[in-house]
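Each structure below appears as structure tokens.
Both of the next two complexes hold chain A, though its partner changes from chain B to chain C.
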Partner chain A sequence: MSRDIDIVWQHRDVLLDGFMRTVLLTTITTIAAILTGAILATLMQSRFRLLFSIIQIFVDTMRCIPFLLFAYLLYYGLPAFGIRMSSWSTGLLALIVYSSAYVTEILRGAWASLPRDSIEAGEAFGFSRFNLFRHIVLAPLLFATAPLIGNQIIQIVKDSAFLMVITVPELTYAATYVQSTYFTPFAAFIAALVLYWCLTMLVETVVAFIDRRAVIRR
Partner chain B sequence: MNPVSQQPDDPVLSVHGISKSFGAHQVLDDIDLNVHRGETVCLLGPSGSGKSTLLRCVNWLDPPDAGTILLAGQRVGLRPGGNHRMSDRELAKIRTRIGMVFQHFALWPHLTVMENVMAGPRYVQRRPPSEVRDEAIALLGKVGLAEKANVYPARLSGGQKQRVGIARALAMQPSLLLFDEPTSALDPELVGEVLDVMRGLVAEGMTMLVVTHEMAFAREAADRIVFMDHGRIVETNDPEQFFSAPATERVRQFLARYSSETIGKIRRRSAR
Partner chain C sequence: MARLMSAGNMISLLWGASTTISLSLAAILLGIPLGLGLALARWTRLPVLRQVVIVIVSLFRATPAVTTMLLFFFVLPTVGIPVNAVAAALLTLTINTAAFNSEIWRAALEEFPREQMEAAKSIGMRASQRFYRIVLPQIFRASLPALVNEMTLLVKASPAIAVVGVVDVTRAAARIGAETYEPLPPFLIAFVFYGAFVFIFVKLHRTIEGRRRLQEARS
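Moving on to the complex of A and B:
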């Protein structure tokens, strides 16, 4: 056992490298998914019902398929349409598209239950649609959804592990590499597990911090 | 700003032939109403008589089905000379000149008291921040909340929230101020502080249209009382006449019920 730990420790750079990629995947996906989700949720407020339906179909489709399958689909499917991307780009794209659907649904649901009267006050004061969103809707929306978005970020962390199957060298990939090369399954996976745990705790802490600040602003 | 030639005697607000239905239920039926510069008009009437809807038609929060609304001679909601709706941008522009105070305050919960007052002038009127800040400080002083400038609305009492609501509306320097039952959501002991602020505005000559159930306030502060029932204006009268010698039987009934309720309340209170 201690031999195993030694081996994992000797190859800590491989694991840390994978860990940093997981952090990077999560960070980029989180930012992109919140932006995309905010745009899609805003478009769903539009008077054009067709736009609403199209986005709704996208959201429902993503929520109905397993992420692993979706990653495979992009990895093997896109080249069939002549679109060639690195496994890293494909994996990142899959994570962003998939998570955006969830974030859209979270924001749309919270938007519908925001207090109607303070938005109406914004309209009565002559806020343009953009300014209404920017100054009146956005902050309450993010404060209201902070815990749900936090959960979603943790989901992104865990979904990113699936990307090993399309050879994205993230943390699970790195752990698998170490264990299969040096046959140290237990120690390598435990190390990966601890690193995942640290990352999700970090997310939890940040979300709890935002949530505390949100309480007096609701 | 005001392309239509405006005579000094022209009303600030002119409502003509406004009707509005929600489904099969007709809420407003051919309403005519003028409010002149510096005038305070109180809208009284039983619950469900259409008072609040009329107020919300004035700034097009509830678009009327028929009729016209003129703010200082300029149409609200519809483009001049037709029945085409204004664009959102055109509507927003004219709305900046109509201040509104809401029954449930409708403050922006994520902004401090100060930011609530500054938001409209900053983001809608795009006036310079330093000027807006100075004015906001002055307005908060005026409603007696200077020391609450950096507090979030959740930390305020109802009366304080509503005074912020008034300061927020005043910050837009509106030519007309609408009050939608500003004291109805307040604990009885907090009503006075809000009415005091409103009395101050009356004294300054603000042009106000007030939906209220505060009879004493209407009697002392209004220039004119408009009484509504079932979506129609039943009586328009000056306050003294209205309360001492109403012209219609309907108002007499309303006042009789109101005063018996008030007396009942006082009796119950003193019995405790």
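Moving on to the complex of A and C:
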């Protein structure tokens, strides 16, 4: 056992490298998914029913399938259409598209229950759709949805572990590499679990902080 | 599509689907009482047990199923517990869903009105009677929608079992896609399968919520 821990400690740079890649995947996906989700949720407010239905179908589809199935679909499917990307880019793209659907659903749901008066006041002032969103809807929407977005970020961290299957070198991939090279299953995977735990705690702490600020604002 | 998919491939997809269904349902059935057990261990405030449960629940809620799957599969044999891939898969899914269920049960237990316990005590009910006759039926009803919602999350986490070689429907679709260079047909079938499987739980969730709203409107 102590031999295991020694070996994993000697190769800590491999695990930390994987951890940093998991953090990077999560950060890029979070930012991209919030942006895409905000755009799709805005488009769903439009009067074109067709646009609404198309986005709704996309959101419902993603909410029905496991992330790994979608990641596999892009990994094997994109080359069939002549699109060749590295496993890292494919994995990142899959994470962003998949998470965007969930963020869209969160934002759309919160938007529907936002107080109408400030939006109507903005409309009366002649704000354009974009300015209305940017100045009046966005801040209360993000504050109201902070806990749900936080849960979604944790889900992104967990989904990113699936990407080891398509050989994206993230934390679980790194732990598997260390365990299969030096045969140290216990220490390698426990180290990975603890790192995931720390990351989740960090997200929860930040979200709790934002949520407290939101309560003060109200 | 039928032209592209050979009969052999269809059968391996069906096998994958039956693996996904049976392991998910087994984990759901085991995970609900196990989650209740964990929540009760916290509720009764036994000193050491309580801390251990808090750490275990927090750890499994925070970490990916893929990673715990690999941990169980590789570590249990080294400590003298022989597991095959399927047993490790069932263990992973069960503990994963139990950790989430325990938080649902805990919330219901905390909401439970204390006066009812006092009332039950005053008419001379034993602790086990109080639990089975008064507490359990009520917290079960309060937790059910959230428990059903967790079932859909479990189904979506279930492809994690493929990393140790269990051929579930996702793994079967990926293998066929890689072999035939025609990924769309198997993935569409897998997609329809998950859609139908998840839809059952969503429908169940809506029925329960609808019935509850009806009851609340009546009372």
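By our rule, the second predicted complex is superposed on the first by the 217 of 218 C-alpha atoms of A that agree within 3 Å, B and C clash if a C-alpha of one lies under 4 Å from a C-alpha of the other, contacts with A are read in each partner's own complex, and residues count from 1 in each chain.
Keep in mind that, in the parts below, a contact is a pair of C-beta atoms (placed from the backbone, for glycine too) under 8 Å apart; a residue touches a chain by one contact, two chains touch by 3 or more.
Remember, predicted model here, so these are calculated numbers, not experimental data.
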First (chain B), second (chain C), both or neither touched by A:87: neither
Which of chain B and chain C A:201 touches, first, second, both or neither: second
Partner chain in contact with A:118 - chain B first, chain C second, else both or neither: first
Which of chain B and chain C A:36 touches, first, second, both or neither: neither
Partner chain(s) touched by A:56 [first = chain B, second = chain C, both, neither]: neither
Chain A: partner with more touched residues, chain B or chain C: C
Chain B versus chain C as contact partner of A:157, first or second or both or neither: second
Contacting residues of chain B [partner chain A, same complex]: 59, 61, 88-89, 92-96, 98, 100, 102, 104-110, 119-120, 123-124, 152, 154-155, 172
Of chain A, residues touching chain B in the complex: 115, 117-118, 120-129, 131, 134-136, 139-140, 143, 216-218
In the complex with chain C, residue positions of chain A that touch it: 61, 64-69, 72-73, 76-77, 80, 154, 157-162, 164-165, 171-172, 175-176, 179, 185-186, 189-190, 192-193, 196-197, 200-201
Complex interface listing, chain C residues touching chain A: 58-59, 61-68, 70-71, 74-75, 78, 155-160, 162-163, 170, 173-174, 177-178, 181-184, 187, 190-191, 194-195, 198-199
